[in-house]
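Order of writing sets the labels: A, B, C and D. Residues in every chain begin at 1.
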Amino acid sequence: MSQPTQTDSKNTSAENSPMMNRRTFLKWSTIGWAAFAAVVGGYGTMVLRYLFPNVLFEPKQEFRAGLPTEYQIGEVSERWKDAFGTWIIRDQEKIYALATICTHLGCTPNWMPNEAKFKCPCHGSGFYSTGINFEGPAPRPLERYRIFLADDGEIVVDKTKKFQQEKGEWSDPESFISV
Amino acid sequence: MDQFKHLINILARPYIMFPAMIAAFFFVFPPTEGLMKINRRLGLYKLWTNKGGVAIFSFMIASFAFGLTDENFRLIVTKPDNVPIVGLIFLVVFFLWLAMKQGWDNDARQAKGLKPNEAEDAKENILVWPDLVYIELIALVIVSALLIFWAVSLHAPLEQPANPTVSPNPSKAPWYFLGLQEMLVYFDPWIAGVLFPTVIMLGFMAIPFIDNNRKGLGYYTFNERKMAISIFLFLWLILWIFLIVTGTFLRGPNWNFFGPFEYWDIHKLEALTNINLSEMIYMIFLQKQMPSNILLREIWGILLVVGYFTLTPLILAKTLFKDIFKSLGPLRYSVFIILLLLATSLPIKMFLRWIFNIKYIIAIPEFFLNI
Amino acid sequence: MSSGEPNVIAKLIDWLSKTQVAKAIFRTGIPRNRRQRMTVMLNNVFLHLHPVRLPKHAVKIKYTWCMGGLSFFIFLVLTVTGILLMFYYRPTVEYAYGDVMDLKEQVPLGIMREIHRWGAHLMVITVWLHMFRVFMTGSYKPPREFNWIIGVILLVLTMLMSFTGYLLPWDQLAIWAITVGSNMAGATPFVGAAGPGSNLLALGDVNFITSASDARFAMLGGRFVGEGALLRFYVLHCIGLPFVIMIFMIVHFWRVRKDGGISGPV
Amino acid sequence: MGLDERHYNINTLNKLFAIVTLVLLSAIGLLFLNDYARSWKDYQSNFQDLEIENTRVKYDGEINQLNADPQYQQLQNDLKAAKDVNEQACSEQNLKQAQATEKDLTTRSEIKKQQYRVIKAQFDAAKFHYEEVVAHHDGDVNVAKIRYQSLEQKTKQLNQSIEQLSAKLDSNNKIFIECEKSVKEIERQERTLAQKANILSRKLKKIDPNEMTLINRIANIVRNLPIIDLANPTYKIRQIVLKDVREDNNFLSLPTVDRCTTCHLGIDNPDYKDAPQPLRTHPNLELFAAKDSAHSIEEFGCTVCHNGRGRGTDFTSAAHTPSSDEQAKDWKEKYGWQEMHHWDKPMFPKQYVEAGCFKCHSGQTTIKGAEKLNLGLNLIERAGCYACHNIDKYKDWPKPGPSLQHIAAKTTKEWVLRWLADPKSFRHATWMPSYFDQSNTNDPESKIRSQHEIRAIVEYLFTQSENYKLNELPHRGDAQKGEELVAAVGCFGCHVKQEGLSKSVRDRNRLKQEQGPNLIGFGNKTSPQWIYDWLKDPQRYHPQTRMPNLRLSDQEAADIAAYLSKSKNDVFNEKPIPQVNDEVLTTIVFDFLKKSFSQDQAKAKATEMSRQEKLTFAGKKLIARYGCFSCHDIKGFDGYKPIGTDLTEEGSKTVDKFDFGFVKIDHSKQAWIYQKIENPRIFDTDKIKDADEKLMMPNYNFSAQEAQAITTAILSFVKDNPGKIKPRTAENLTIEKGQQIVRQFNCQGCHIIEDEGGVITDSVNDWLVTYQGKTKTEALAMVKTFSPPKLMGIGKKVQTQWLFDFLHQPQTVRPWLSVRMPTYDFNAAHLNILLKYFNALDKEEFPFTEHVDTSLTPDELISAEKMFSKDYFDCTKCHVVGEQLPAGSQETWAPNLGLAGKRLKPEWVNTWLRNPSAVDATTKMPTFFDPQNFEESGPPDILNGDENEQIRVLRNFIMSLSTVTDPPQSKQQPVKQTMTPTEQSE
């Protein structure tokens, strides 16, 4: 029932006032609605920014692991095994951080220096010092953590990011430090 | 008996079950006249009669009862959070039958030149008080009673306290998203988890604007809307409900597939090593080194994907979907066909995986862009 | 068979319905005649969601399956049980699990939680079936296109409601289901840290989309499913999404009536 | 108009709408800016500039050093040369063949690997399937087996070919490695040498815009823009969350969250020592903040020590507290500082910062690094604050004042009257505080009342004084000898005898010397007979006294009594004693009576009493009021509770619980406490109070420095339990208990224990000069020998049983000492704690019995005697053996070896002989076995020159010495046998 009046008012608003300048009309309403759109955008931005707090109370996933020179070439360091579940290994060209979680059922393997391998005590999976699995039921190599050098030259290991060999991620520059 | 269960376990494997379902689907819900004829000849429409309904439900209840005799089946089906899905299966089948039955009845009436049942009914007006209000009240009471019985007989699950360092194997999303998780097997998360849900939502919203068939409003019918119903049911039943059922009941540790009567052995291994299309072309066919240029490396896949979304619509418009193209017009048709092609990309990717062991058609891990 | 008693009761009811109080509340008397049955629908704020009369097919449960009505009813059940649950539940990582445990073990009629959870599952199913019915009767066709869109939005909201509620018990099932679910958000193109194109949104060496600034983070309020996620999901589950869903429901019901009532053959 | 059904002109509405929307838009802009502008961002920006500057300076220094390093120059040249050589060797042509082969091999290997991965996965699955089929019998075993075996075969083959290929590849690639080897090696050396510079340059590239690429420079700005700073800003709030350091928040123990480092950015970095605040380094990095310090910031945060509001990130909300009015003014100008009223634990101002230590270190007697707090605690201990104010730490401490049970035997009423009226006029730095003539009682009326109060107290004291029969003086004492004795036997370990003592110089060592009273004025105070009686057996007069028995002979005691009685204070002695005015006395009595009776009854009762009755009645009431019984044993006050406020949690009281009266000081806890200590009655100023309502805390006349120290200590008494305190292990608890006894009995007055104490040394020095005729330099050289021994490593050194016996009943180890180890009245519990304490300090097991065979074969005995003799080590040159005094000069004299068998632990003797200076760096014992050249150090002609054998045999010999020559010092009569070196040398 309101149909006719609606169309009426639409027509009249523009034409019916002789002194009205169509240009001014457009100008002001453009400014008004543009500003209104900006306001709505501003509200949206407010909500968006509000969703990102300035501080987090999450447990630390990064740890500092000393200077690269503290690791010998060919060494499998167990320094951070208990505290952070990480082995740091240095070979001829690079340093990388291996997760101490067996890919079979999540046990913690042991490093056997004499046999130069990781051996999982649960089901006997074996891994080379590179993390590649070679014996036992483990379906895939151990995972590597993100590793990089801090400003002061110390190694930082970031456990939030993992690299899996079978996905070809070990060539990612963040998965090792070249020395 | 064991042999029989073993057979079912094998038949339930996705690469057997899924093609079989698709094949059967188009005979049961024929989208075209041709298929409709086959359907008639095979007498499949008889499913949508009372007798057919009794048959369907007897079969379902019998198989379910038989399944319950098996320990592994029982274990997974009676898991508290899985019970709704068992209910879902029965409800969906029941309402599918109900809708189809009324549809075929109406179709039969219309074939005789009569109006559909609903039209007959609609001639008469009924006061809402008390008929409808009372019916509704009864429905509410039934559902309330059902909920209370359900709540009393089945505890809501509460597992170990949350432990962010130990993930259960398998870790499953809530059941209504298991379809998406199942897609994750075949697609990267950004497709399965973001692109597909968005497209599904938008696609569903677009249905009223794509379907310009004015027939079939306000009454059940199949014949008048074969194509629409067939496509909708394909998406909803096969690509959504069926994937949820698979994800819930048939996916075990390490997201490995397990038959309904199979023990969820955490040690089960499957050969899951797949090859990217580019690797296949360069390393297996051409026996060459992979080019270092990404674009050059993935050009085949890119061509394929672009071709799929540009050439296929054109070809289809000239052949299979000629009529549809005509009735929809170019704009509607493009939207329709893109949505449809996106939907069919899932089964296509599945088949590529099963047959050619293909992982990604385009693999650019450098930009997290894998298709 | 004494005919006296029912008469007494009937008289009593009759008398009661004529009191000023009853009139004040119900306006209409006992809906006995046609006029009264019509006015009762018009005069009652809740009943007037319905029209006064309907074509016969629309009253038949065979046609409607009552799924829309049931979805709404379950939503109300969930609202009530949900409000009750909030009295005993604290959304912090320290307490959440224990509180849910206590609901099961200690809180009188803590079975509210079971009703809430199964009701939630049931609502997802009824909403799907409602959509299925609407499709099968072609009810999305003009003039009801817009209401179909609202319906799809309500469907998505229903699933989001269920998804956000899934985390609250704070058990292994909960956090890992949400972890799996939320990891997908992390793969959103451009704004997800693990999504395609996220590394394009960088200037020089400065990455702008990291695990602490992407879509997943906004959703979880943290880099993992932790206390931030629990609180955010709780707030969304209890206030945010119900508020939105209610608005859409109002529009949905309004449009059902305005678009010509329940669909029927033309 | 009516036709349109319109009222407003649409154009006007449009305009209006546009304008209000623009206003709203600008409001939103303002909102964002307001949110963005935070003062900590400015500090972080300043810090960045500093950091850049700092890094640049360091980098430049590093580069200059490198350039100056000839080795580096050499490497650069070498590198150039090696590269030139390489250009030839590694030229394209030479390597063409190898490169082609490499490419081919790599491709082949890659393809094989690809196949291997697929086949391996299939093989694994087939293997599992086979196992499963065998186990469950559900399928064809043969089919599964054949598949499994064929795949195994394939896997092996593939693996083999991959290995072959990689072997080929390795041998092929050798040529590359070879040709680049030298360059790589040099480069590696260069990298090692320039490591620091490289790290610094990398850092510079990250932080210094001048070193950045253009895009990074833009990014560096963009990342900190409003809104965008959600992603990856450099301006960040830094916080330390510590789950194990708890913050006490009204019954809730919450994890500490400190954001102080958001502004205090250089706090743990030694490079910012001179940076402007808030960026400056912590002033004591050795103990605090630094990573390897005892309180690293990552482990302890800030507020656990400093207090304040850890979550605050602006100057005021962090609850900073200025240390002076000037600073407050300065802060107001600079930072807009305001006092934070809504936080009960504002930061400690700088001068009281040590108050934060106690909450974790409450068990320790001396808190290392907290000098002011230690002084405060020691002052509390010495002044006996704990007697009136319950402080949990001092629960078991003895009363600080002397017993007044037998006061009539010690002194006269007149003396006590004068003394109470003004103790400082007798000994001007006495620890007895002043009760009368204070700021709230110095009006004429109060003065008269005070006189009567004193009179009443004295009357009561003397009435209750019990009979005490003093021992008769056996001899006439010789005051001069007495003076020498006081200097010689060690009285100055705990006492001073000084007129006109200045209180401002009382540091912690001084407090040790003031363990007992200043030895002046005895002539007025008491009789020589009492002094004699006291010296002979202090416990008889006052069973709880900490004054030990020096085992003085009758003559010695008499001499000292004579000497001390000589000291008199005539001014004091002539002070008039006011007359008693009955009216005033009655008022006092009445004031007390009316608390229990009605006015009329009280009046009646008061008038009924005789003067004497009034005096004793008022006396008792007054003693109860002033709490004299808290410090002194007074008859009739058993079961009376201390009168002062409990101070155990005084530091946790909120400011509003303190009554500041009309005193215009800063309304803060520390200001109040300081003021109270400096003038205990000040908060009565301008208040109208009845005589018995007035504040009565006595005045100790503490110096400003002391008041500050005590304030620090009282502020530190809090109820917070941060959780992360020194672990309460049995060992630590033992040490704490031991320290308490050491403190109570002032062992450190004479001995150095845990690197502290030995304050007697100065007086020993004086004694050497005055009475031994040594020159100052001589005295300085030998003072160590003549002072009581340092108690270091006692647990390792001394046998437990011997130590027990010794503490119970000292015997002479060093016969030349004039200073005596007195006999303390230790009970068994004390002794036990002390033994455990000394053992725990050295981490020795307790109880511990060592079984070492110290027997000698006849041959070994001969060798041992040889080594012991003049020809070899000449042990008797320094050591006393039995009654034989050493031959060498006095400054090298060393303990009696005759006691070694019973006294020393054999293992320790071994270690000691091997290398004495490793045990005690300041020892005068020569090192016979040079640790640098151990194998060659011993005499070659004994025991075949086997040093280890020599040490063992010598040890066994020393351990057996007591049985070889019977030492004259018998345990039963150690007192009489003491010889002074003077006697010996004559």
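Here, a contact is a pair of C-beta atoms (placed from the backbone, for glycine too) under 8 Å apart; a residue touches a chain by one contact, two chains touch by 3 or more.
Please read these numbers as outputs of a predicted model, since none were measured by experiment.
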- Query: What's the chain with its C-alpha centre farthest out from subunit C?
  - Reply: D
- Query: Taking every chain's C-alpha mean, which one sits closest to the mean of all protein C-alpha atoms?
  - Reply: A
- Query: Which pair wins on C-beta contacts, A-C or A-D?
  - Reply: A-D
- Where subunit A and subunit C are represented by their mean Cα positions, the distance between them in whole Å: 34
- Message: Report the inter-centroid distance (CA atoms only) between subunit A and subunit D in whole Å.
- Response: 45
- Task: Quick one: report the Å distance separating subunit B from subunit D, using the average Cα coordinate of each chain.
- Result: 73
- Task: Could you please state the distance in Å, as a whole number, between where the Cα atoms of subunit B are centred and where those of subunit C are centred?
- Result: 24
- At which residue positions does subunit C touch at least two other chains? 213, 224, 226
- Item | Multi-chain contact sites of subunit D, meaning residues that touch two or more partners | 117, 124, 206, 230-231
- Query: By residue number and range, which residues of subunit B touch two or more other chains?
  - Reply: 166, 267, 269, 273
- For the complex, which residues does subunit B have touching subunit D? 2-3, 5-6, 265, 267-273, 275, 279, 283-284, 287-290, 357
- What residues on subunit D touch subunit B, complex-wise? 103, 106-107, 110-111, 114, 117-118, 120-122, 124-128, 132, 137-139
- The subunit A residues in contact with subunit B across the complex are 105-106, 137, 139, 166-169
- Which positions of subunit D touch subunit C when the two form their complex? 206, 212-213, 215-216, 218-220, 222-223, 228, 230-232
- Query: Which residues of subunit C touch subunit A in the complex?
  - Reply: 211-213, 217-218, 221-224, 226-228
